[in-house]
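Two complexes, one shared chain (chain A), two partners (chain B, chain C).
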Partner chain A sequence: MSMQAALPIAMIPGNSIIHRINPLAKLVWVVGYVVLAFSTQNIVILYSMAVFAFILAPIAGVTKPLLKACLILVPVGSSLLALQIIAPAVERPWTEVASLGPLPLYGDGLYYGFVLLGRIVASLIIALVMVMTTHPSDLFTSFAKLKVPYTLNFMLAMTLQLIPVFQREVGIILSAQKSRGMKGTGFAAVLPSFVPVFVGAIERVQQLSISLESRGFGSNGVKTSYRQVRGRPSDWVVGIVGALVVAGLSTYSIMRGTWSLAGEIQFSSVFVFVTFLISATIFAGIILAAILFSFKK
Partner chain B sequence: MTTAPVAAPQKSSRMNRNNLPTTLIVTLIPVCVALNIVGGYIASALRLPVYLDMIGTAISAIVLGPWWGALVGVLTNGGSALISGPVSLPFALVNVVGALIWGYGVRSWKMGRTIPRFFILNVIVAVACTIVAAPIIVLVFGGATGNGADALTGTFLAVGQNLVGSVFSSNILTSLADKIIGGFVALAVIEALPKSLTQNIDIVKATPLKGILLAVAGIVIGVLIVVIFLAVTAGSAAA
Partner chain C sequence: MSDPIISFTDVTYTYAGTDEPALHSISLEIQPGEYVAVLGLNGAGKTTLGLCVNGVVPTMLGGELTGTVLVGGLDVSEYPVREMSKLVGMVFDNPEFQMSQMSAAEEVALGLENAGVPYEEMRRIIPETLELVGLGGFEERSPLGLSGGQQQRLAIAAVLAMKPQILIMDEPTSNLDPIGKQEVFDMAAKLNRERGMTVIVIEHEVEVMARYADRVIVLDAGRIVMNGTPQEIFSRVDELDALKLRVPESAALARVLGSEYGLWKGQVPITTEPAVSAINELLGAKNA
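Our next item is the complex of A and B:
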């Protein structure tokens, strides 16, 4: 059996300008994006950030895998908008602009829904572009330069290497169980699939531990890395520009009290109503499809 | 013939309080983190309505100790942030809380000695995780999680409950099922581990999952009735 969806953690090899930027400079942008996204409620800034991050994808040649990975936003986005329209996560009073039977629909809720969605979209796209254009070893070598303890670095690096291995093993074990006539879905398959994967993995740990011990993993001294990451002047420029832009916009945003445009942007009742219907229908469709799929033999 | 007195074996600097080599812990933790991340994918492959993404946290917290479990929790969400974006980072707090309760529960409060005690421990983990997760879900995702629980959240909102209450009500249902099943899967895995890893842990032998599933179904239905009653009461009061 193959897993339904492989984890989108793989770096997409390439030699684009985005690939060549130093991982630390890219990290500055990702952290900056998160800081800015959570310090503003200005949807123009949030969606401009998302568009800018998305423009980097074709430059890096990762548009297709990025769009595929962004599919996870569909259920979250649709339910987020639907829920916010009927119950905004902001303080009352709320402005009721339409209703669906006894259910009031709020314009402020739609605005705040767009804010929350914008934060998620912008942060996700920039993070995925970074992950897809950065070799994990380069990232961890850069972490080491930031004095992150090498044991912690080792743990993170090993985790990323183990995930695809375990995914493959789960597939093999479930196929083996099915070929023996055992159930391959539902709760009856939980223990026969989880226990062999977990126990097999932990037994492998013992061999790995001996291997590390024999190579002097815990010894003192300077740790070296096979891969070398150098920072060029252009990387410094990218990092500093990112930090300045983000710091400037975040400060300005905080000074203006999150810089919300909720007062300036008024959604029409028709727009709120249609958005609610579309988002609720998409979410209900996803749930229905999941239920039907789970009953499918 | 005389024998020379044998000196008591000295604890190696490379052994920790669990009497396990540090290298073993350093390799066991990434395995638990990866299993947390893959656990969710196994659950979707088995078409289960639960997440099962804290089993690695439970195993590490029980076998290695609560704070190692907390580290697994932090690394799980740190690793997930590299995969699915940084918005999953605040949920590290949920993982940490789960790890601490599982770890201290089994190792200090001896709640792993019998099946009923372990069951109650998992219920406590579920409630604590929901208490931590609900505000994060509201603040970061506006109450949405993208799964079937959102339909319940919407229903609770429609009958007049507030957003935090609705998210809490729907989350407690999924969390109870998830943490109880996850806890007992962890118990089965711990029983199958090499004795060198589990000899110092006072924990009951695993039990068939069928009885646990029936108990989970009973609890979830009971809690569902209570939260529907509370939501309707809150709705009437608001009206």
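Our next item is the complex of A and C:
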């Protein structure tokens, strides 16, 4: 009954140096990565960021789950590159470097494809490293130290908790409907299961609120915290270094007009052609597989 | 006798949106340190009675309450449930619905945090309490990954950690296997004896209640129909039958032996041991 439905991305317990860094210091890095990634178009910086973030994975001992979560990049990356090569997201004129029959392939499209992908890859990897090395409760405890209201914090934490619960609830209701001869898979089964899931959710929440209030939730006195999150000098160093690097590089990049290497890097026509073939094939393959899979059901 | 820790004076309660009262002019006193079992069919008002004690009825659920419920001298309709929580711990029947935290330790910590218990003390209380309910070493486990019985014991620990004077358990063992049930009742008995905690158990398990409780209260359609020691109550087999309530097996056996065969005289046994020795005596007398 109480089988645990795990989230695909969850904390991997450990005691590595990355695990021990203060959650807020890690958060500075994640936010910094996102800011920097979206303010530069320099692919050397973008992919260096991704590589640096990836180096953290073996240090934290989360390489395998990280790679697994990164599988999402396959459809994202292939579609991004394939579409950018035939329809760049920049102003014309585009330089046509090769063609596939009547389809022109653009070199600058590939560059911007790499920029967009680099932004996603760098931000995703650092965010995953953070999520996989930080206990959610520690993160929320840190938020509380930043004066985020207790109730808001509690709501965020509760939401994380409820996702696997509702996943399981949906599973139970679907099996119950299947056992009564209703359709148990596909979209047709989802709608009739909504009502019982929501009714169940309301009942659960009411019971939970009674239980929480019975344990003093919402009392006015001073609250203490069981989880202690320390801010050691090393955490301050990590956080400040992250903030400085990001602020420096972002400012420089913005001053140089987003700092693109588009003019300096020229891809050979063969490279563009091959990249297009590979990414388009993967993308088309994924779509085809998805269609076949849904028909089979 | 000392002052009662719980007293109901002519309490009638109707849930919001219903016409029929769930409780009908209930008057009841419970002394500190008593172990009280509440019996009754589903819908007899057992849970409502429990909810009155920690003030969920009427402060959280609304509805109409007449009469007064005093708990530890406080009128429950005047204090929010979170204030009553210092005095009354309540465990509900569905343990999973009471879980909100990422680890067992944090689940237990929740009430302590709200009460402002210092960190160092929590570090001591939490393992102690988990140990007490047989979940020692489960600190970092996710509550949702525990079995039904473990979750129930965790829910109890979460309440016990706050050291309430009154512990109310609403069908605490409905999800538990026989060993789990035994553990919960043993634990409640221990708290009752050793810490003088007032325990109110809402249950269907008459055998266990016959063994542990100081007093049994039987509810029917929102009214108290019986109120006395387990020996008194469970001896009234015919009345319990009429209420469609179970009686301990040994009491039922004694009645059959008594009324149908004229073999049973004297006190009706409510637990197994006196029944066994009485039957042995009977058999011995016959063989002799």
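Here, the second predicted complex is superposed on the first by the 275 of 297 C-alpha atoms of A that agree within 3 Å, B and C clash if a C-alpha of one lies under 4 Å from a C-alpha of the other, contacts with A are read in each partner's own complex, and residues count from 1 in each chain.
Just so it is clear, contacts are C-beta pairs under 8 Å (C-beta built on N, C-alpha and C of every residue); 3 or more make two chains touch, one makes a residue touch a chain.
These numbers come from a predicted model, not from an experiment.
Student: Based on the superposed arrangement, let me know which partner A:Thr151 touches: chain B (first), chain C (second), both, or neither?
Tutor: A:Thr151 contacts chain B only, not chain C.
Student: Applying the document's definition of touch, where does A:Val246 land relative to chain B and chain C: first, second, both, or neither?
Tutor: Neither partner.
Student: Could you look at A:Leu208 and tell me whether it touches chain B, chain C, both or neither (first, second, both, neither)?
Tutor: A:Leu208 sits against chain B and chain C alike.
Student: Report for A:Ser137: first if it touches chain B alone, second if chain C alone, otherwise both or neither.
Tutor: A:Ser137 sits against chain C, while chain B stays out of touch.
Student: Could you look at A:Ile85 and tell me whether it touches chain B, chain C, both or neither (first, second, both, neither)?
Tutor: neither
Student: What is the contact status of A:Ile45 with respect to chain B (first) and chain C (second): first, second, both, or neither?
Tutor: neither
Student: Now for A:Gly218: first (chain B), second (chain C), both, or neither, which partner does it touch?
Tutor: In the superposition, A:Gly218 contacts both chain B and chain C.
Student: On the A-aligned overlay, A:Gln228 touches which partner chain: chain B = first, chain C = second, or both, or neither?
Tutor: The answer is second: A:Gln228 touches chain C but not chain B.
Student: Which chain A residues contact chain B in one complex and chain C in the other?
Tutor: 1, 4, 154, 158, 160, 165, 203-204, 208-210, 212-213, 217-218
Student: Where on chain B is chain A touching in the complex?
Tutor: 14, 21-24, 26-31, 33-35, 37-39, 41-42, 44-49, 52, 55, 59, 75, 78-79, 81-87, 138-148, 150-151, 153-154, 157-158, 162-163, 166, 181, 185, 188-189, 192-194, 197, 209, 213
Student: What residues on chain A touch chain C, complex-wise?
Tutor: Result: residues 1-2, 4, 13, 135-137, 154, 157-158, 160-161, 164-165, 203-204, 207-219, 221-228 of chain A touch chain C.
Student: Please name which positions on chain A make contact with chain B in the complex.
Tutor: The contact residues of chain A facing chain B are 1, 3-5, 7-9, 30, 34, 69, 72, 75-77, 79-80, 82-84, 86-89, 103, 112-113, 116, 119-120, 123-124, 127-128, 131, 151, 154-156, 158-160, 162-163, 165-167, 170, 174, 184-187, 189-191, 193-195, 197-199, 201-206, 208-210, 212-213, 217-218, 280, 283-284, 287, 290, 293-294.
Student: What does chain C use to touch chain A in their complex?
Tutor: 51, 54, 56, 60, 80-86, 88-90, 92, 94, 96-103, 105-106, 109-119, 122, 126, 140, 142, 144-148, 151, 155, 158-159, 162
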